[in-house]
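Please read through the structure below; I'll follow up with questions.
Lettered A, B, C and D in written order, each chain numbered from 1.
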Amino acid sequence: MQLDQRRAGDVLIVIPLEDRLDARIATDFKEQMTELIASGHTKIVLDLSKVEFIDSSGLGAIVSGLKRMGGRGELVVCGLQETTMTLFRLTRMDRVFQVFENERQAVSVLGGNEKDAAT
Amino acid sequence: MQLDQRRAGDVLIVIPLEDRLDARIATDFKEQMTELIASGHTKIVLDLSKVEFIDSSGLGAIVSGLKRMGGRGELVVCGLQETTMTLFRLTRMDRVFQVFENERQAVSVLGGNEKDAAT
Amino acid sequence: MSERRITLAIASDLQNVPLVGQAIQRLCSLTSLSDIESHQIALCVVEAVNNAIIHAYDREAEHEVQVIFSHYSDKLTFQICDAGRAMDPNCLAPKAPSPFDFDPRCLERLPEGGLGLAIIRSTMDEVSYTTTCGKNILTLTRFFKSCRIDTTPLMG
Amino acid sequence: MSERRITLAIASDLQNVPLVGQAIQRLCSLTSLSDIESHQIALCVVEAVNNAIIHAYDREAEHEVQVIFSHYSDKLTFQICDAGRAMDPNCLAPKAPSPFDFDPRCLERLPEGGLGLAIIRSTMDEVSYTTTCGKNILTLTRFFKSCRIDTTPLMG
């Protein structure tokens, strides 16, 4: 699967370009996130604005990323569509993740360089 | 199937309330149109604005109405959605029927009372 | 992308046909086709399924009609399958006169039926029909983008 | 309105699952359900089909998974059918602890899997599972409007 990446100061913005984060690609997605975290990124914004559909495997891959951070950094999400927000609420993951409306807000809270983030 | 009817002077406006004019209901639709024509209406505007899908049976039923008019009156159509207009064009029925954007224009050309027609 | 395929099956009752039409339209809209193209293709599949119910099964319910949707990198195919009476091959003969060639001023001669196959043939790139072991399969093909082939050859 | 029914069938390859998801979502949106409800229900069907492919068929392609969509006046039902390994009935036991009952502050314990059935159970009104003659059928029911029944009874 394709993950777009962009830097805003020390914040890494990761943008999955798939419209479905599902069981087909969850393993691949999880591995790519693991690599990014292993390579030392400690402030990651996952921009889900292009994603229309997330199933439990896709969500599991996102949770896996957060766990891998191990509290040594921050992984926040932004740009959720109404459909995917419903899944975060249903599974109560909205209490686990910091959820922002857009990249700019997420980057600003993580203390990155706002002008490199899309609104 | 349900056909809404309204008068604008001597023009009868007929509005199918189905979203699909297809083989399921084509016979019923044709019979209802036949009755309206048999009962003496000679200026009929068929408002297709609620119809999203017409198949060849639905189109056949409309053509059947026009033929039953036998040139003694007028049957025009209006309010076609882009999808149903494509069907009229593909089957060249756009050369057979007078096609109007909305009820008001159709009623005005047929010489009915415009103020009773929806825009 | 490798082939992806889904089979839709209904009992041969016209009430079920909108389900096929809507599902096919959504499946088409997942491809590079526009909404209008998807609608036109769904119309063709609806025409073919109606024909199977009306002509192959004489409107008897409780038979089965299948539609196999296959998504290839360069095309979509739709196979409409029934186990009823086979279609007369003349109905699909390439030289059959088009029912759209009517005189718009001649009211009595306007076609009220017999438009379904013509709609299919002018929308799809390829149309073929086979009968094997009592199973009839109408195959409709639509290529993506510039690959479109005209169904009526220039010379007979 | 009398019952309307369509069967969707795919080979047990995860690549085909989006086709089922999209078709089911469109079919749901023909009813009185909202777009979000239709999306949630399509998610449940996707979860069930994924489970059939992953758990019942051990990710082997070339088996078949069927989804039977039935539209009644008061409800929709979805039957997800496979012919693979049957599910342990404990997985659907009414008293099974919900995987959503986690402590959001305890990072290591957050669930990374095992959420599919819980999503299904909290979205659908009824969930049942039967195995007959080697065929497993998971039946999901969703009632329209006020007919919604809570899946967790007040008393055990």
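Here is the rule we use: a contact is a pair of C-beta atoms (placed from the backbone, for glycine too) under 8 Å apart; a residue touches a chain by one contact, two chains touch by 3 or more.
Since this is a predicted model, take the numbers as computed values, not measurements.
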item	value
Separation of subunit B from subunit A in steps, with touching chains one step apart	3
Mean-CA-position distance for subunit D and subunit A (Å)	26
Geometric centre distance via CA averages, subunit D-subunit C, whole Å	32
Length of the line joining the C-alpha centres of subunit A and subunit C, rounded to whole Å	43
Residues of subunit C whose C-beta touches two or more other chains	15, 18
Where subunit A touches two or more other chains at once, by residue number	none
In contact (per the touch rule at the top): chain pairs	A-D, B-C, C-D
Touching residues on subunit B, where the partner in the complex is subunit C	20, 22-24, 53, 55-57, 59-61, 63-64, 66-67, 70-71, 82-83, 86-87, 90-92, 95-96
Complex contact set, residues of subunit D against subunit C	2, 4-11, 15-16, 18-20, 22-23, 25-27, 30, 69, 71
Complex contact set, residues of subunit D against subunit A	14-15, 17-18, 21, 36, 39-40, 43, 46-47, 50, 53-54, 100, 102, 104, 107-108, 110-113, 115-116, 118-119, 122-123
